[in-house]
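In C-alpha cells below, several structures.
First chain A sits with chain B, and in the next complex the same chain sits with chain C.
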Partner chain A sequence: MDDYANPLLHRLKWAYLLLVVLTLMSPVFYVMYISFNQNGFGANEYVFTLEWYGLIFSDKLLMGALGWTMALSVTTTLIAVPMALLAAKYYKAAQNKLLPVFLMLAPLFVAPDILGSALLVFFKNLNGTMVTLGDALGTGLFDGWFDLGFATSLVGLIIYTIPYSFVVILITMGRYRSEQTEAARACGANGWRAFWDIEFPQIRAGIFSAAAFTVILCFNEYTRTSLLKGGFDTFTTVLVSQMLNTGMSEQSYAMSSFVSFIAIAVIGGIIVYTLVRAEILSKEARAKSAPVMST
Partner chain B sequence: MTRTKPAAVEVRGLAKHYGSVVALKDVDLTIAAGEYFVLLGPSGGGKTTLLRTIGGFHRATHGEVLLHGREVGHLPPDKRPTSMVFQSYALFPHMTVMQNVGYGLKIAGLDKASRRDKSAAALDMVGLQGFADRKPHELSGGQQQRVQLARAMVLDRDILLLDEPLAALDAQLRKDMCLELKHLQEKVGITFIHVTHNQEEAMTVADRIALIADGDLIEVGPAREVYRAPDKRFTASFVGENNLLTGKVTAVSGSEVTVDVAGEAIKVDRRGLDVTTGQEVSMSVRSELVRMSLGDTDDARPGHALMGTYNEAVYLGLTTSHLISVAPGCEVTSRVVDDLDDLPAHGAPVRVYWAPGDLRLHTS
Partner chain C sequence: MAPHTPRRADGPPVGTHRASMMDRLSKGVFYLPIVFMMLFFALPMALTVVFSVFERTMFWMEPGFTLFAYENFIFSARLTNFLSSMYYSLISVAICFVLGFPIAVFLRKSVPQVAQHRVVLLFILPFMVSEIIRVFALRPVLQRNGLVNTTLQNLGLIDEPITALLYTHTGVIIGEVMSFLPFIVFSGFLAMEAVPKYIFEVCDDLGAGPVRRFVDVILPLAAPGIFAGCVFIFVNGLGVALLPNILGGAGAVNAGLIATQAIAALDFPLAMAVSAIMMTTLMTLLYIGHRLFDLTKILSPIN
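Up next, the complex of A and B:
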C-alpha cells in the first residue's frame, strides 16, 4: 500500500481476494468436511471419524486406480519436465521467440476433448498402419504397438502438461542471465557443467515447481486419459464414473480429500519456503551490506 | 613497445554476419604477447563482436583466429587459452566470493586446499582479502568487478579479454579502476584485450589502440600516436577533441597541399597521400593546438589561420573552450588552460591559427 492509498479500500481489496479464493475452494473444503463424517454424504447427523481414511487402502479399485495414476504422473513428470526445460532453454536462446512459444503453448488452445479424440483417431490409424506394414512383411511384430494403454495415455498427458511446465520454468529462467553461463565457459566449464553448476541451482525452484505442478495436473486430468487409457482406470476416471453411476463412496471422499491435502501442502509448502527464504536472504543482505566499503 | 614480441592473437580476414547485418568486415589484426590492447569505438561498431569471437563466444562467418599461432576458430570458449571479464559482472550469485574465484580451478580439477590458497592469493591481488565469504550481492559494483578479475586471473591464462569492464561503474571509480587494471597488467605481464567506447579509459590503459566502427577496423596504433597523429578522418573525429575542416584541393606542390576552406587558402602537409586538384578532403587539428587572436598577430602565418566570429566560451574547469564560427555550419574550438577574464563579445571578429604541422590531411 502506498502512502496515498485509502486504507479502507486496501482492506476491501484483500477481503475481495479472500472471498474469491474461498468461493473457489469451498467445494473442496466441503468434500473434506464430508470425508470426516461417519454417516457420509447427505446424512442428517455429523459424527467425526477418520475411519474412511483408514479404509482407503482396503478399496482395491481405488488403490489400483491410484497406482496407475501415480505411475502415469511420475512417468509424465520424468519426461515432460526435462522436455519443457530444453524448450525453455531453446526459447531463451532463440532469436525469434514467437514461433517456439506458440508451438509450446498451442496444446493449451485446443479443447481437451478435441485433442483427446484427435489422439485417439491418430493412434488407431497408426496401429492400423503398423498392422498393415507387418502383414506386408509377413510378421506380427508390429501388431499392437499403439493399442490404447499406458503409453497412449502418457502421450496425452505429456502433451497436456508440457505447456504448463514450460511456462513455470520459463518464469524462473527469466531472472537468469546467460552471461553467467558464458562466464562459466570462460572458466573452463563445458556446456553441461555450466548448466549443472551455475544455471540449475538458480532455476531449481522452477523445475521442482514444474514437477509438482505436473504431478497435480496428472491427478486432475480426466478427458484425454479416459479416451486414451484403454483397459485400466485412473483415480479421476474412477471418481467420475462413481459420481455418474453409483455416487461417490466414503472412501472416495477420503481419497479426494487426501489428494487435495497433499496438493495444497506441496504447493503451499513451495510458496511458503520461497517467501521465507527470500525474506531470510534479504535480511542477511541488509545485515551484511552495512559494513561494506563503497569501493 | 611490445610489438617485437611474438603474437598472442592474430585475426585474419575475420567477418561476422547476422543474417543481412554485417557486424565485422574482414578484420586483420595482430596483438603481441604481453600487450595491453584496447578495442575502441562507438557502440554497435563491432568491437565486442570481435572480442567475443576471439574468446569463442561467437563463431566467425569467415576468417581465422589464431592464439599463439594455433587456429582456434573451431574451439568453444572453455578450450581456448583465454579468460574473460564481462561488463555485467556475471558473478555466480549462489556462490561466495571465494567459490566464484575458485570455480575455474575446481573445473580444472585442483584439490580444495590448492583452490583455497590460489583463490586467496587472487583476492589479495585485487585487494579483496576479507571478502571471501560474502555473496556477490553484498558487494559494490567495483568490488564485484574485482572479483571477476580475480576469477579470470587465477586461471593463469595468458590472454585476458575485458568486455567494457568499467562501463557500469561511476566516473571516479572508473578512473581508479583504470589505473588498477594498467598496474595489474604490468605486474602479471599477460595480454589484456580491453573493449571500451570511452577514449579516456582507452588512453589510460592502452599500449596500442584499434579503432573499430561499422564493422571496420579503422586504424591501429600506439595510444599517443592515435591521439596526436590520427591517420583517418574517423579517428580524428572520435579520439580527442579535433576540429574537422573540409574543403577542395586547389593546388598540390611537392609535400604541400593547398585547400580552400571557407574562401581561405589553407596549407597542409601532404603526408604522402594521393591527392589531386579539385578533390574534396578533410583536415583535422586538435582543439588544444588552436590559438585565438582578436587582432593581428605575428604568430598567425598565412595558410595556417582562418578568420571567424566569436560565439561563446564553455568553461570546463581545468580548460576553457572558445567556439568560433569560421563559415556557416563550421565551428572551430580553441581549448586553452588559461581562464580569460575579458572574453570577446559575441560576434566579434577573431582569428584562429595553428602551427604549421599541427593540421593533418585526411583523404578517408
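Up next, the complex of A and C:
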C-alpha cells in the first residue's frame, strides 16, 4: 500500500526508524547520564557534578595519550584521505574495477583482531628480515625499520580508514561530470590545474567529510592500534586498560562520554553544515531561476 | 588511470618532454593506494597462511612446515567455539536483516530523494562513538540492575531482573546487533538503488502483496548489497573479540578472541592459523557472492 494513502502507517515507519536510531545510541546516552552523577552508576540518588570530567584533565597519563591520539589521527588523515582520493579517481577511470574495489573495500570485511594480528606478525617478520639483511651486508642501517610503534600503528589505521574515505569521496565524485575535466584539458590545462580549479571545488565537501570521518575513526580505534602501537598509549587504550583493570569507574564513564561528545559534536556539525549549505544553494538556485521582473 | 594528453582544441598534443614526464609521473601516483594496499593489506593477509605452518618457538616462531597449529585448532574446544560463534553470528545476521533492511526499503520507497542521504547520516551517528565505548556501555544497560531491567521492573512487566542479557550468548548477539545493524541499513540503502521506485507501483497495480513483492522483486534486485551487508555482519561477528570478551560468558568465544588469546600466549602460528581460516571463510563467501550476484554492482549507483 502507498504510504501516502495511509499516513498513520507512514508515521509508524518513521517512528520505528527513529526508535532504532535511539536504541543504537541509548548505551552512549546512558553512559553520558551516569558520567554526570556524583554518586556513580546504580546509586539511588542522582547528584549532578562535573567532577569526573575535571579528573580527566588532571590525569597526566591520559593527557599524554590524548597527544599521541591526536598525532596519529592527524597523520592518518593527511595520508589516508589523499590516498582514498587517488584510489577513487583510479577506480572511476579503470576498465577492470574488481581489483580496486576489492583492495579498497576488503578491509571493511576483515575483523579488527584478525587484521591486527596479521599485521603484527607481518611487521615482526619484516623487521627480522631487515635485520638479517643488514647483518648480511654488515650494516645496522636496516635495524628497527618496522619496530612496533607510531609508523606501524599508522599503517594499521590507514588500512582501517581508507575504505570509509574511499566510499565517501566516491559518492561525492558521482555527482561530478568528467566532461568538465576533459573541457579544461582541451583548453590547455594540465591534469593538476584541471583537478584543482574545476573538480576539487565540486568534491571538496566529500573530501572534508572524509577527513572528519577519518579523524573520528582514528580517535575511536582500539584493537588494531593496541596490537601495533608498541610502547606508547592512545586515548582508547588507556580507557580500556582502566576499564579492564578497575572496572567502569566514574572517571571511565566521564572519559567515554568525553570522546562521545567530541564525536557527536563533529558529526552533528557536519550534518548541520550540510543542511545549511544545501539550503543556501537551493535558495541561490531558486533566485537565479526566478524570472526577472521588469518595472 | 586513463592518461589525458594535453591537447589544444584545434591542434596536436601540447607539451615539452618535461611535461610528458610529469604526466607519466602523475599517472604513476594513482597506483600508490593500490600498491600500498597490496603491500600492507593483501600481502600480510595472504602471508597468514605461510606463517600458520611455521614452527612455534618459546617466544616467537621459525620457518618450517608443520600443521600443528591447525591440529591445535581443530582437535580442541576451539573448533566447537568457532562453529558455535558461526551459529550465533548467523542469528545476528538474521536479526539485523529483519530489523534493518525494512528501514532501507522505507528510505528508498517513501522518503523524498533530497532527504534520503540525510536520514542515512543518522545511522552513522552511532559509528562516531568508539565501538569499545558502545560495547562497554551495554554493560550498565544490560546488567542485573541496569537500564533494561530497571525499566521493565518499573513498568511492572517483570518481577525479577533478567540475568540472561549479559555474560551469555544472548549478550553477544545483542552486542552484535547493536554494533552492526547500521551496516545492513547502509548496504541495503545502496542495494535499493537497483530497485526503481516505479516497481512498487507496478507491484501494487498487479496486486502483488508485500511478501510476494519482497521475495520476487526486491530480493533478486537488491541481492548484491544485501549479501555484502550480511557477509560484513557475519564475518565481524566471528572476528570481533571485544564482543564475547566483554558481553559473553565463559562459553562465548569467537575466532577473533581465539587469535588474540593465542597472541597473548605467544602462540603466533595458532593466531595465524585462525586468521588464515577467517580469511579463507571470507574469500569463499565473497567469491560465492561475486559469482552469484556480481558484487561490483554494489558501487554501480555511484559509478
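We adopt the following convention: the second predicted complex is superposed on the first by the 280 of 295 C-alpha atoms of A that agree within 3 Å, B and C clash if a C-alpha of one lies under 4 Å from a C-alpha of the other, contacts with A are read in each partner's own complex, and residues count from 1 in each chain.
Heads up, the rule we're going with is that contacts are C-beta pairs under 8 Å (C-beta built on N, C-alpha and C of every residue); 3 or more make two chains touch, one makes a residue touch a chain.
Keep in mind that this is a model prediction, so the values were computed, not measured.
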Based on the superposed arrangement, let me know which partner A:G64 touches: chain B (first), chain C (second), both, or neither?
-> neither
Pick one for A:G149: touches chain B only (first), chain C only (second), both, or neither.
-> neither
Kindly classify A:L227 by the partners it touches after superposition: chain B alone (first), chain C alone (second), both, or neither?
-> second
Spot which of chain B and chain C makes contact with more residues of chain A, would you?
-> C
Regarding the shared-chain residue A:L103, is it in contact with chain B (first), chain C (second), both, or neither?
-> second
Applying the touch criterion given at the start, work out whether A:P201 contacts chain B, chain C, both or neither, answering first, second, both or neither.
-> first
For A:P112, select first, second, both or neither according to whether it touches chain B, chain C, the two together, or no partner.
-> second
Given the touch rule stated above, what does A:G134 touch, chain B (first), chain C (second), both, or neither?
-> neither
Which superposed partner A:C187 touches (first chain B, second chain C, both, neither) | both
Touched partner set for A:H10, first chain B, second chain C, both or neither | second
Chain A positions touched by chain B in one structure and by chain C in the second = 182, 185-191
Quick one: which bits of chain A touch chain C in the complex? Just the residue numbers, please.
-> 1-3, 10, 13, 16-17, 20-21, 23-28, 30-31, 34, 41-42, 83-84, 86-87, 89-90, 92-94, 97-101, 103-104, 106-115, 117-122, 124-125, 155, 158-159, 162, 170-171, 173-174, 181-182, 185-192, 194, 216, 219-223, 227, 236, 239-240, 243, 248, 252, 256, 259-260, 263-264, 266-267, 271, 274-275, 278
Touching residues (chain side chain A, partner chain B) in the complex | 177, 179-180, 182-191, 193, 197-198, 201-202, 285, 288-289, 292-295
Of chain C, residues touching chain A in the complex | 1-2, 4, 6-9, 14, 19, 22-23, 26, 29-34, 36-38, 40-45, 47-48, 51, 60, 99-100, 102-103, 106-107, 109-110, 114, 118-119, 121-126, 128-134, 136-141, 145, 147, 178, 181-182, 204, 231-232, 235-236, 238-242, 255-257, 259-260, 263, 268, 271-272, 274-275, 278-279, 282, 286, 295-296, 299, 301-303
Chain A touches which residues of chain B in the complex?
-> 55-57, 76-78, 82-84, 86, 88, 90-94, 103-104, 107-108, 134-135, 137-140, 142-143, 148, 151-152, 155, 161, 173, 176
